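Take a look at the structure set out below.
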């Protein structure tokens, strides 16, 4: 467990804690000796660090995105805090709790995930609920679903963001479902749970949030399709039309071909998934922009890159 | 009050009821005498009618879209019912209840309107609620708001359709508002009530549903703006920023310039009004298409002109 | 085996042969007796047929797209040939050779398929060739690949059209590969073989060429992806990057998002597959148009629906 | 009245004049004392200024965009002129003639306005001329109409620019009207006078030229509509069709939905207003670019941001 | 010279006049004899005609778009006039005045052409005026320029339409030039004269107005370019930059790439040519639509195919 | 002939060679004396150079893009090589071999040109081959065709690039022609040779690769048209339809209006020219990007400006 956080480090005091390596460079000091120039981060901030007289023999190999344990001294360098490292050891990945190091949801992912599981328990018994159970109770999927952000930037770009986004959508869908009772509500909810499931492999989230090569070549829509198809294959007698419907919902959730959906929504439940997803993404992007600029002077925020406009602050 | 409906007319029996004139043509019979060839309609259907030996002296002048009282006999002409008219009198417009003659909402407009008024009563006291009250309690506006369709075709194209659409949106907005508590819910609701208010003058709905010339030249967005501005002028001290916000919501509710909104939504409440409006319109267009084609064979509906696609029937 | 073809039927002679049912209607004759009004077709043309005094007891049930054996007499009805049927029996599907009944490639599908298999034999040994072998030697896939058209209309819209299209592309690719030796030629060829493989399930081709419901909801790109993924799963140690590359080629082969590809080509081999596919489809559409209009007067063909233009006939 | 202009200031001489405050910052000198760092401007240029030993007690409060009277000394600081201020007093806004401080039309606004009034005097008597008189003789409107620029940049972006633009358009319209005698020339001229009238509230022009919040939320088209509607309300018996026509001209003057016009021109006079407006704006943008780059070497100007292209200099 | 016009033909009287052949078909009468079924037209209308007992030996060969001299009798056939032809002779093309047979400008082409020549006489002496003279005094060009329509439909689609359009543009340009004295007015006028000159070869106008094959393959912009280049080649020392400018004006006169201009206007004179051309074409299309629908009931015209909208009739 | 290349210059040794002037500035040294600050380049790189104590009397005038002969000394200035010039003379253009100074094709232009001439020798005798011969054997055209790049950047942006591109296309066309024997292969080859021939005047390539003013105003498509028309004029009896076809191929080779082609391909040979041109340009742009980034870490190249995407490196 992580001992001390960046925001609590004070100059002229010893430090012994774990950090995520943001960047690592091997440089040469003016005396000709090699040294490591690092940037370390955790959930609360980032701090530069130096390991003087660096030797590959005495320091274990590590890279950006690794978590390392550091012993050393916090110093004041040109008015800013900086760590002079004495010793580095590597943290075994299985002991690392990424939530200590990266931006994260405000909620408790475990609790949120239980909420999600609870929601599928009230589905009608049948192949759709079986599929949902099979997907969400897969331990590896559960692990990733709790971690994945919903995007690399713009909205829900933090650990647990995907889970938070999906829960929000289900709540909305239940409200909308009240109003349009002719909709197949279970199908909408299943579609919402699955629509972005490919993001668990489209994005990396053990360090910076970036696209994987598979993410760029294939994309989360089609990665998601393969995940769902694998789970369906394990359910004997899963109705082929239901499979087609779920696949269509995933394929069509961006709404239009030019936004990367190879099919436009062809039935009402697919349309609802698309609209709610779009609405929640945009509102969340707005909320973040307002939160960031609330205390800036003026009636307008800075330009929001996702919405490509400045936002008016309704006071 | 209307006596007999088209669907209850049976050949070889007298008729004495009121109908809306769908079309009217003066023709010449084979014996050289002029006669009137009419199509009459009410809520339940349409029926052809003839007035033989027509003379302008004995029959009052009337036109398509007028409601007339007819006395005559239902006959069987080539296998179909037709009225042989003996006498026509004109119904004074103030005695006509259009809901007897045109496609209409399933609900009771009076009750629906009370529901709408009830919703603004729970708004916070202040200029926004004052404006809503002023708009909705204007008797002429109330009369039109209960009658107006929300479109000439595609969705809510029936008497009371606008009112039904707005109530649906408010219900959705309240649900959505639960989920995004940072939204100014009263502003969203006010925006929803006002967004299509110009339709009361953009469309005619005393006969067929068509665009007025003012509707085509100016459009419901700008007609609505003028209506709102007139009401605001009567409220002393109405805050100018609030006026700007309401105007913006109305201007931006089509979401994009190419859909006729001269501004894109620049704050969250305007965005919500746009999304909910769009969602409800599209779902309602889908619902109607499904209702129409449910009993047709095949897994697909006919092509829906609003959505420009065939719809898959999720069984 | 089919006995007589439509083009060889002459009035006033008996007929005993098999035909595909294009359409079937049960009508009532002027004497009140039910009769069947059919349109029958084979590769060489279509002919109307009547079964008078039809009874469900004596005639086996069948539908449009079935192949039936017919005994009867060819008659002359208002100047055109027509069959008066005496007896109908059903052909067991396994005995039907669709190539006798539907528009078809000029080539011999069996031979063309051997050519295709021959082409993959010259691939470098390795997982790519293993995958190609696994896909093409699957008996059910082989059966469909020989039958499937490449489109419902416009180009290669006949039995064996897909196979013909793919062979054409491979020939082109080998020529292009000579010129750009840095391209991974095996990857291009594999991409060409797989790019439209989903058409075997997107389209029906046992009667008219139409889209299946799965075809409309999911599309041949994603159907193809699932087929390939299933085959890859059976090959131990298939390299994940190679899987991503093949999936990308399939996903990107329409070239642009607005043409239904959720990804644009991101490497050279994917670009080549897209260009060659596009070129061959368009040239083939042109060739058909020229063939059809060659003998019409004028320097221009009729408007080609695929290319949305009239074509100039270079003499 | 303004005493001395920036272009006439020379180092090492006293100064006593009024300037517009471009920017104002309170800084701390190396001796720890606060001082004001200002940029001052007038029509002829800009100059930095310092007020050392600044105290809120002895200097009246002011902001950017205010006009202040300054007493001090012009100094030479690192090769450039700069004012060392001794005393600041505030100019009462009613004594400020903005034309002394901001970029302005070459013409005399009073005379140009008289020209505009002269043009409406030759209109046929009737409601249209009454409306024009009512709008242009409103003293507040007259004041703003003489000041407003036609845009924040690109073309006519200077005091009096709107007036200059409108006069140019009327001259063009009269010429065009000669050629198309079937056009309603008064309607065209009225449309030209009103089309951009909302710019008087869309833009601020008492300092830098910027959008007001109302300008961004509502836009000059709809602000203009409200202004016109208010004036029409005061004219008894103003014909509703004429009102619709004028509103349509204003709404449609950008020509296309994607340029912010919610309606496309639906009659000839509206089309003419759109074309002339577009032509004059673009030619004026070109003229400015040529004027700026005439003496630069090369046959091409720099890229013009309004036209998004470099311009060729016809000799 | 043409003797009698279609509008003056009355049944039961002889006819001896010339007509343009609209269509010609050789049919077989019920008695087995061949006859010619013609449609004949002139400026005032069209009339069917029959030549019974047709023989190729006694009737000279002719085709649609030829002008023939006809002798015969006007008859009444089923309530409509029709010519029973006795004798057909061919009119030598050099004796045909097409203005007698096809829709035409109201003006006198010869006079209009003199007006055009007069306009170039007031140009400054120099290569530009030399070029204009060389183009317009070329007898073959003069002949075609007086005949050519400006389009096959929509606007100026009649003989002399191109000339009328160009003269209108020059008048406008002179008016516009007054207002923007910095424009090179001669260059604008030259550009206007040349911009559509390729229409003299893009369209056929000796019968119906259609595109030539060269027109479809190359287009009037590039045909015009070649015509101009040929004339320039004959003028020694024509300045190359001036040649580039004229070519650019022709190339850019459609304003945008998607309207078929391979270059957008890159200097002011090219922009003016584009705007005036566009304005005159659209106004002329409107004028025709108004003229056609003026006496129809309602405030709106039928849909105008060029402008893709219905037009409001400003009364 | 060039003596020494930039890559072979070493500090502290004399230099006597020719270089292309990349940039030239006259500056003032700290001692007040003028000096020339040059950047010199050849095929192998660039190097700064100084001529101290510069006088217009002793140094001949020259400009950027000229080739000069330099005598001087290579020095080490702040760690980088630089030439201290003693004497400059001008190289007569006719003695300059541009291939020594600018990026160039790997091939031998003379040999490549012979290859091109060889290809037209196998064309069928007739006007098409006559035209090709006439174009390619024109000495000035031959000179430029061997030098011209195919673009200013992105692909084939080096001396001989156009020739290399055209040869590549002909090879592809011959391969494609094998597969579609119904294509008029000579017409395709002629179209490929001519399609970009206007680039010889659209671009400058005696120094940096830039657009000429004529290139910007008229463009290579229309410049090419004029070149071809001139040559055709010299061939008696050249068939007009063939002229139209060639012109169409040139006009349509960008494929779409929005890419600057005023016509879309209207026959098969024009379509093939467009596709091959597009394919070769894109593949060549990819090949260059891969070559540049092959040794960079990561699976992706930098963003390619021509293709507007990062490219995946297939290993």
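The first chain written gets the first letter, and so on, giving A, B, C, D, E and F; residue counts start at 1 in each chain.
Keep in mind that, in the parts below, contacts are C-beta pairs under 8 Å (C-beta built on N, C-alpha and C of every residue); 3 or more make two chains touch, one makes a residue touch a chain.
Only a predicted model underlies this, so the values are computations on that prediction, with no experimental measurement involved.
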Treat each pair of touching chains as one step and give the shortest count from chain C to chain E.
1
How many links in the shortest chain of touching chains run from chain D to chain F?
1
Chain whose mean Cα position lies farthest from chain C:
D
Same or different for chain B and chain D, where same means more than half of the interface numbers show up on both copies?
same
So how far apart, in whole Å, are chain A and chain B when each is placed at the average of its C-alpha atoms?
47
Calculate how many whole Å lie between the centre of chain E and the centre of chain F, each centre taken as the average of the chain's C-alpha atoms.
45
Two or more other chains in contact with one residue: find those residues in chain F.
213, 216-217, 241, 245, 248, 266, 312
Chains touching one another, given as label pairs in label order:
A-B, A-C, A-D, A-F, B-C, B-D, B-E, C-E, C-F, D-E, D-F, E-F
In their shared complex, at which residues does chain F touch chain A?
299-300, 312
Within the complex, chain B is touched by chain C residues 213, 216-217
List of chain B residues in touch with chain A within their complex:
168, 171-172, 175-176, 178-180, 182, 184, 187, 241, 245, 248, 264, 266-269, 271-272, 275, 278-279, 282-283, 286-287, 290, 309-315
Per the touch rule, the chain D residues reaching chain B in their complex are 213-214, 216-219, 221-222, 225-226, 229, 240-241, 244-245, 247-248, 251, 257-263, 266
